[in-house]
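See structure below.
The letters A, B, C, D, E and F name the chains in turn, as written, and every chain counts its residues from 1.
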Amino acid sequence: MFYHVQNLINPIVDDQPDPSAANALQEGLGGQFGEMRTMMQFLFQSFNFRGDGIPYLDLIQGIGIEEISHVELITKTISRLLDGAPEYHGDKFETPGKGGKATLEVGKEAQNPHHFIMGAQGALPVDAAGNPWSGSYVHNHGNLVLDLMDNLVLEATGRLQKCRIYQMSDNKTLRATVSFLIARDEAHQMAFAKALETLGVDWNKALPVPKFDASKFPEVKKLMDAGIHREQYHFRLDSSQMEKIFSGKSPIDDGTELVTLKEPRESYPNPIAPERPEEFAPGLDPEMQAMADALSEFKEKTLKDMTRKAGSDPSKRKE
Amino acid sequence: MFYHVQNLINPIVDDQPDPSAANALQEGLGGQFGEMRTMMQFLFQSFNFRGDGIPYLDLIQGIGIEEISHVELITKTISRLLDGAPEYHGDKFETPGKGGKATLEVGKEAQNPHHFIMGAQGALPVDAAGNPWSGSYVHNHGNLVLDLMDNLVLEATGRLQKCRIYQMSDNKTLRATVSFLIARDEAHQMAFAKALETLGVDWNKALPVPKFDASKFPEVKKLMDAGIHREQYHFRLDSSQMEKIFSGKSPIDDGTELVTLKEPRESYPNPIAPERPEEFAPGLDPEMQAMADALSEFKEKTLKDMTRKAGSDPSKRKE
Amino acid sequence: MFYHVQNLINPIVDDQPDPSAANALQEGLGGQFGEMRTMMQFLFQSFNFRGDGIPYLDLIQGIGIEEISHVELITKTISRLLDGAPEYHGDKFETPGKGGKATLEVGKEAQNPHHFIMGAQGALPVDAAGNPWSGSYVHNHGNLVLDLMDNLVLEATGRLQKCRIYQMSDNKTLRATVSFLIARDEAHQMAFAKALETLGVDWNKALPVPKFDASKFPEVKKLMDAGIHREQYHFRLDSSQMEKIFSGKSPIDDGTELVTLKEPRESYPNPIAPERPEEFAPGLDPEMQAMADALSEFKEKTLKDMTRKAGSDPSKRKE
Amino acid sequence: MFYHVQNLINPIVDDQPDPSAANALQEGLGGQFGEMRTMMQFLFQSFNFRGDGIPYLDLIQGIGIEEISHVELITKTISRLLDGAPEYHGDKFETPGKGGKATLEVGKEAQNPHHFIMGAQGALPVDAAGNPWSGSYVHNHGNLVLDLMDNLVLEATGRLQKCRIYQMSDNKTLRATVSFLIARDEAHQMAFAKALETLGVDWNKALPVPKFDASKFPEVKKLMDAGIHREQYHFRLDSSQMEKIFSGKSPIDDGTELVTLKEPRESYPNPIAPERPEEFAPGLDPEMQAMADALSEFKEKTLKDMTRKAGSDPSKRKE
Amino acid sequence: MFYHVQNLINPIVDDQPDPSAANALQEGLGGQFGEMRTMMQFLFQSFNFRGDGIPYLDLIQGIGIEEISHVELITKTISRLLDGAPEYHGDKFETPGKGGKATLEVGKEAQNPHHFIMGAQGALPVDAAGNPWSGSYVHNHGNLVLDLMDNLVLEATGRLQKCRIYQMSDNKTLRATVSFLIARDEAHQMAFAKALETLGVDWNKALPVPKFDASKFPEVKKLMDAGIHREQYHFRLDSSQMEKIFSGKSPIDDGTELVTLKEPRESYPNPIAPERPEEFAPGLDPEMQAMADALSEFKEKTLKDMTRKAGSDPSKRKE
Amino acid sequence: MFYHVQNLINPIVDDQPDPSAANALQEGLGGQFGEMRTMMQFLFQSFNFRGDGIPYLDLIQGIGIEEISHVELITKTISRLLDGAPEYHGDKFETPGKGGKATLEVGKEAQNPHHFIMGAQGALPVDAAGNPWSGSYVHNHGNLVLDLMDNLVLEATGRLQKCRIYQMSDNKTLRATVSFLIARDEAHQMAFAKALETLGVDWNKALPVPKFDASKFPEVKKLMDAGIHREQYHFRLDSSQMEKIFSGKSPIDDGTELVTLKEPRESYPNPIAPERPEEFAPGLDPEMQAMADALSEFKEKTLKDMTRKAGSDPSKRKE
């Protein structure tokens, strides 16, 4: 059974909209090796787990739970990169159509016009070429050694692709999330490599994939210096045997140690996106808005809280 | 950010394997109107939410979190319905192949042979016709009224299909899970209908879909008598404004009241599936098994705990 | 612009339900070479037509219009073959669930369980292996010679597959429709072969595909004796130049003549399917039914008309 | 059984080619909520209809027939937006290749290169991201209330997406068709909302989706002033009971009245597209062209008719 | 550039038709981890290879070439398992239809009716659930370590699935081919594991996947005793550096040695399938047959050769 | 059984990178009418062939073998068109990331970002709109006349699409390969047209599709002057009866003669692509590179051979 707190696992960093960066990042969300797959693959492997190797189950499932929070983070990031891309600063509800002006022109030229036609400048469950995510991406062979090797390949590919996406834009909103995922995918590589080490494999210097000089990726390096690429969280409200595997020397023998924690040491505000009248989102007219407002006696207070936590009123972000 | 406890939202009830019932139930998991879609649709709507209607956000997201637990429940149920279907009672690892006997013959005649070839008698992210789940099922229009109406249609269709699946087998493992989901899908219909009611719609007697005499579905009736079709849980470890919508008179005006709770009043043991050597699952040979066993000083204790919680040792279930 | 009359292009012949025959016939509806494709392919070719070869346009479009009526016929036939397959003879609305009986058990063992879970014992836009119809089936190359050759291959494949389906069951409902389509697909082969003949090709004895001794297919022979395999209809309420191509000697030089008509010489009643309470179809409860009934002062009269035209009350068909 | 007249339901308005607008409009044709789906969904629901609610059948089917004419209109519009996009003004047949010049360079940079490679600057059965239309889009649940609600969501989404596409370009060819479809989708929302009203639902002010100030969409406003958003046509050559539902007060209680007609009050010329030699379309060489010409003694007259009806010779349109 | 000899890499062994075994074997041909994927994945990796690691290129490409011959073998095997399944023993061309008898009834009940409707009792490029093969299965990451690990997972999964299929039927036609592929997939596991060993990984006892007691799979054991699971062929008519990797001690340190050869030590006759008149295959009528016969003055001789090589006239196989 | 030589069937001509031309050419590789389909369609038809028409089998299969070499050629061409597109001239391994510079920015704006995210600037098994290749493209009807007609349509469409792609760029790398394929697709049209001629069809002037004045396509004309559009190769190491069909007068009666050869008169060097550190391809770090180098005592010699054969060191190509 699953629970939630309305915080993010990494902060959304503010920068200009960048719809083609948003589209590239879709690969990390809905691509064949993206977060929707890791989440579903690890959850299916957990739910269908056979045998008494509880520490392996707890390791796979714990990472699977983290991946739901990655889906949350990457979705929010894509939405932020798209939000306001039409460079349209109108007031609520009087503006769509606007006497015939083509205020959404950017949408027909976008890498994926669906971001503006199907969604309201928000993330979609598709990859960077516009193909919808497919259940056939989920591999759950039932054989423990094979499932662990498949998971390792999956995490290595995820990290490789994100290292390529990192180089596609220096937008700070993109980079903050991508760098975090590069660091976490390395932790997950460690997890599955260590699990295979307990079953006999010696990885020597073959990992991680890809190899690079971290000092060339400054945002990533900062996170590695903080050690988050050697931590793993189990996110269990009861208890977990993950630590029996994820502890001791790193499987690539670089002198680092693996650390299991219940959850990340910090969490971050989860900003709400502003209205986009040209998308009819949320599209309540004044009469319906009044009914909706009546529901919430604490509305003002809530917004204040959001503002305080998010550092700035997201509906007033400069575009 | 998401958390987990290793319990189920409804119990797995013991009965014989029934692979074609398992296949029918795949529709409820990986079908176009199944739990994977409800989970993903509500999570995407939450992550991409626009505007200050926090109670609507909390309602949609809270149901989305519950759907992850439904995916967990239905996956476990399908696996249980498949488990042991080949009627093969071997000891670990000596038995696959067995000098040429066709011990998995049932697999080639199964509704979906993938249950025995790709998976190890476990659930797959596909529908009852073997089509993989698709990201195109997720509808997130960005317009609040439309998203609520789409969600209502989704929940109504989910309940309709489960009422049809209920009638396809009297297997108790199938019925327990399906009846629970019929009751919960009614609660979710209430949730989205009530949200639309706050925006002006009066449903009169049009809901729920489908209409039936509950006394003809005894397992469902029992759950309705306990009132779970009028409860909704928010599963938030911080706090939620769901109750601002989900409370007061039911939107179909049958005299019932809606109740918001943090979580279900009870949760249930989460049994681990036994080894299936004919599937090479988990496929550890004695040498690897020894390495794995060494990881877990509490292994014996853990299994005892499982047994105690699950009521019976699942690896000894009669087949 | 399109118009309709509530009649069928060929009669639905009464026989027992046969769900696996229904599933085989899905290939003729939603398969890669089925009626949905012929309809869409010919309509797209017409709408995108270039140049002044109006007789070619009118030929392609006229056949395309007929294909909509074939989709109507084959859908009705599949529904009839499925209807009542669960062998359940209940009264309206009291019966689904029925205190726990598995009245829809046939559904979980069906070739395509979707016929009973997604649809209410009705046709689906899928093929005989359960794959949904795809827009990629539609070929519209823009080059006239190539489009005509592609259409000829399409009609030849359609006829070949239906000749195979004919041999899969002697169910009269199936055979009546399949035999009609075999005869019509031959007419369409004649149409595209004749169009290519006007551009230079001499077919000699290579057509039709497949070749067979018609006397072995008695239902087909009867239709051929009536000459419908050498007629083509333009279904145009204004006028058509189809006849400039579709007239004179048949392109396979068997002594027959091609005849263009506005529409088939006869049309047939279009029976309405009865309620299926176990599918919650249509699922109106007494209260809603009363509201619906109030809409139609001529209701009784309508049903009488239907009965008179269809020859028997379809809701009373023996199952 | 279906019939046709070679007229369009709305005029094609002349303007410059705009291939990215053409691509955006593909969503309205082959997208998940486009006209191919509405057409197929309503036709499948009609063909599989159960029970004696003939007015509901006639309503759903009548709208389905109209959708075929929408597919015709939108296909023609996309083709017109693509036609001549390579800015190449050659004579027939001497020009493709042109000694090595890259006359189709625009094609490789187009939003969807298929418009120039697979099709000959004509519409395709795909969406704005290039995904082929899928049969899985068609929802036919068999339950009347649910089918009506699903249809309402479908029409609301179609209208929402077209309101977004409207804002993507001020091209007149695009706007004329999109504005017409916005108005018609509102009529269809009225139809399904009214049908649900007859079964008990009171919509109050929740519809239509989306809400906007029509004066900001001048082309739409003009059509609404003419009242076409409150008319529905049954397109039946025999007779229809649609009016029993579609009449009286509009379901959103804005003082308007619903009106059922046999067909639209006007229809419009259906222009034929000119040759495009760089696409080898239609690709008849002089010898074959002579054979084709011989078929049509009335050829010259036909072209004259076309010109007269279409207002200008489409093959001479300025590009 | 590629070449061919009309021989098979392993013999087709004669046994009764078994259409559901044929369907299970489709997973090994067109499944996500089947031979079509291995072939395409290794060829794409070879064609897109970067850098000067020629021995790695030659290893990957050599296995890719072998996979084309596996596609040939498995296609022939599936066709043989389907051939004659309708138990219909007719003479050429007089028999389809047969006055209305349902001679192809087995087709509508088959696991995949496409084997009898689309194909003429021959293999299809689909998996065991009827899903068409997809290009998205091909993984070519461009990173050498990752591509080798992905290939290892692919070969391990292929072998695991074939070990499961082995247990689904004791049909000799199925078993001969499946056992050969189990042995070859082990050789391929050795190849990629050895390549990773040259880059630092020590596999210890983790491979092969799956582990089993070979004496329980007698047909596999016989091939292993002959050593074919430790041989690899490069199939190059010029020369290859494969041996620089594939030689010396096996990577799983079981005392065996790896051996690189140009090609398998033996090859086998490639039988031609007989006519199937009920499928209209090949469907030449006497007139066309006479024209075809005239092409081949050596026809009789050819058939004699075939018979001599294949051991028995395949058109006379008992069904 | 299949064999290989490391040569290409046509030379790769050097020119600048052109990623949108690469993307257009993907249609010729992974499109519905591209080389992956021709290869698979002809191989499946060969492997499933029925009856004693050996010359037809040898014709279809011989062309199928050639198509594997076309897949090789077109894959190499696409990779060459992509290679170096980011205009990044770094040294090995020190450079990716590069302190935060967006060196791969071109990737996020590319027609298909997958070329830079999933692949390492290499070809993918997808079409020009990013859709993965599908097994449903393969048509193998089992009826000889129909299969030949389908193959003719396929080759005609392939040639038509390549004539359109030719006009999309004057890049020499693109043009060299496309022109060769236009010429070969014409030879293949001749092959299937001639095979149908032996069964009775007279093509007169209807072929080839498309018709054009070859002098406008200078690179194609040069190849036609050399006669390669009237040659066919069987690629058989044993022997072939292809010549019984492919000889004598061309089926379009233009005075040319058809010639069957074992293989093309010439073959060409097969250049190896250079490293791309920004893609982590192949991604060996110095330590792993040293291990890899140790495998190949002839490494230097090999590279010299490559250089000599390819005319220039491909890793030094100006970008």
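Keep this in mind: contacts are C-beta pairs under 8 Å (C-beta built on N, C-alpha and C of every residue); 3 or more make two chains touch, one makes a residue touch a chain.
Protein identities per chain, from UniProt: A, B, C, D, E, F = Mn-containing catalase.
The shown structure was predicted, so the numbers you read here are calculated from the model rather than taken from an experiment.
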Both-way neighbours, i.e. chains that touch chain F and touch chain D: A, C
Given chain C and chain E, the chains that contact each of them: B, F
Remotest chain, chain E as reference, centres from CA atoms: D
Farthest-lying chain, centroid of Cα atoms versus that of chain F: B
Chain pair with more C-beta contacts, A-F versus C-F: A-F
Chain C and chain D, separation of their C-alpha mean positions in angstrom: 24
Computed distance of Cα centres, chain F from chain B, in Å: 48
Between chain B and chain C, centroid-to-centroid distance (C-alpha), Å: 39
For chain D, residues contacting two or more additional chains: 32, 118, 126, 130-132, 134, 136, 141, 143, 145-146, 160, 199-200, 205-206, 209-210, 279-280, 283, 287-288
Interchain contacts (touch definition) - all pairs: A-B, A-D, A-E, A-F, B-C, B-D, B-E, C-D, C-E, C-F, D-F, E-F
Residue ranges of chain D in contact with chain F within the complex: 93-105, 107-109, 112-114, 116-118, 126, 130-132, 278-280, 283, 285, 287-288
Residue ranges of chain A touching chain E (in the complex, touch as defined): 32, 131, 134, 136, 139, 141, 143, 145-146, 149-150, 152-153, 156-157, 160, 196, 199-206, 209-210
Touch list for chain F against partner chain E, complex: 1-9, 30, 36, 40, 43-44, 47-57, 61, 65, 68-69, 71-72, 75-76, 79, 118-126, 132-136, 138, 140-146, 198-200, 235-238, 241, 244-245, 263-264, 267, 272-276, 279-284, 287-288, 291-292, 295-296, 298-299, 302-303
Touch list for chain D against partner chain A, complex: 20-21, 23-24, 27, 31-32, 111, 127-131, 160-161, 163-170, 175, 205-206, 209-213, 215-220
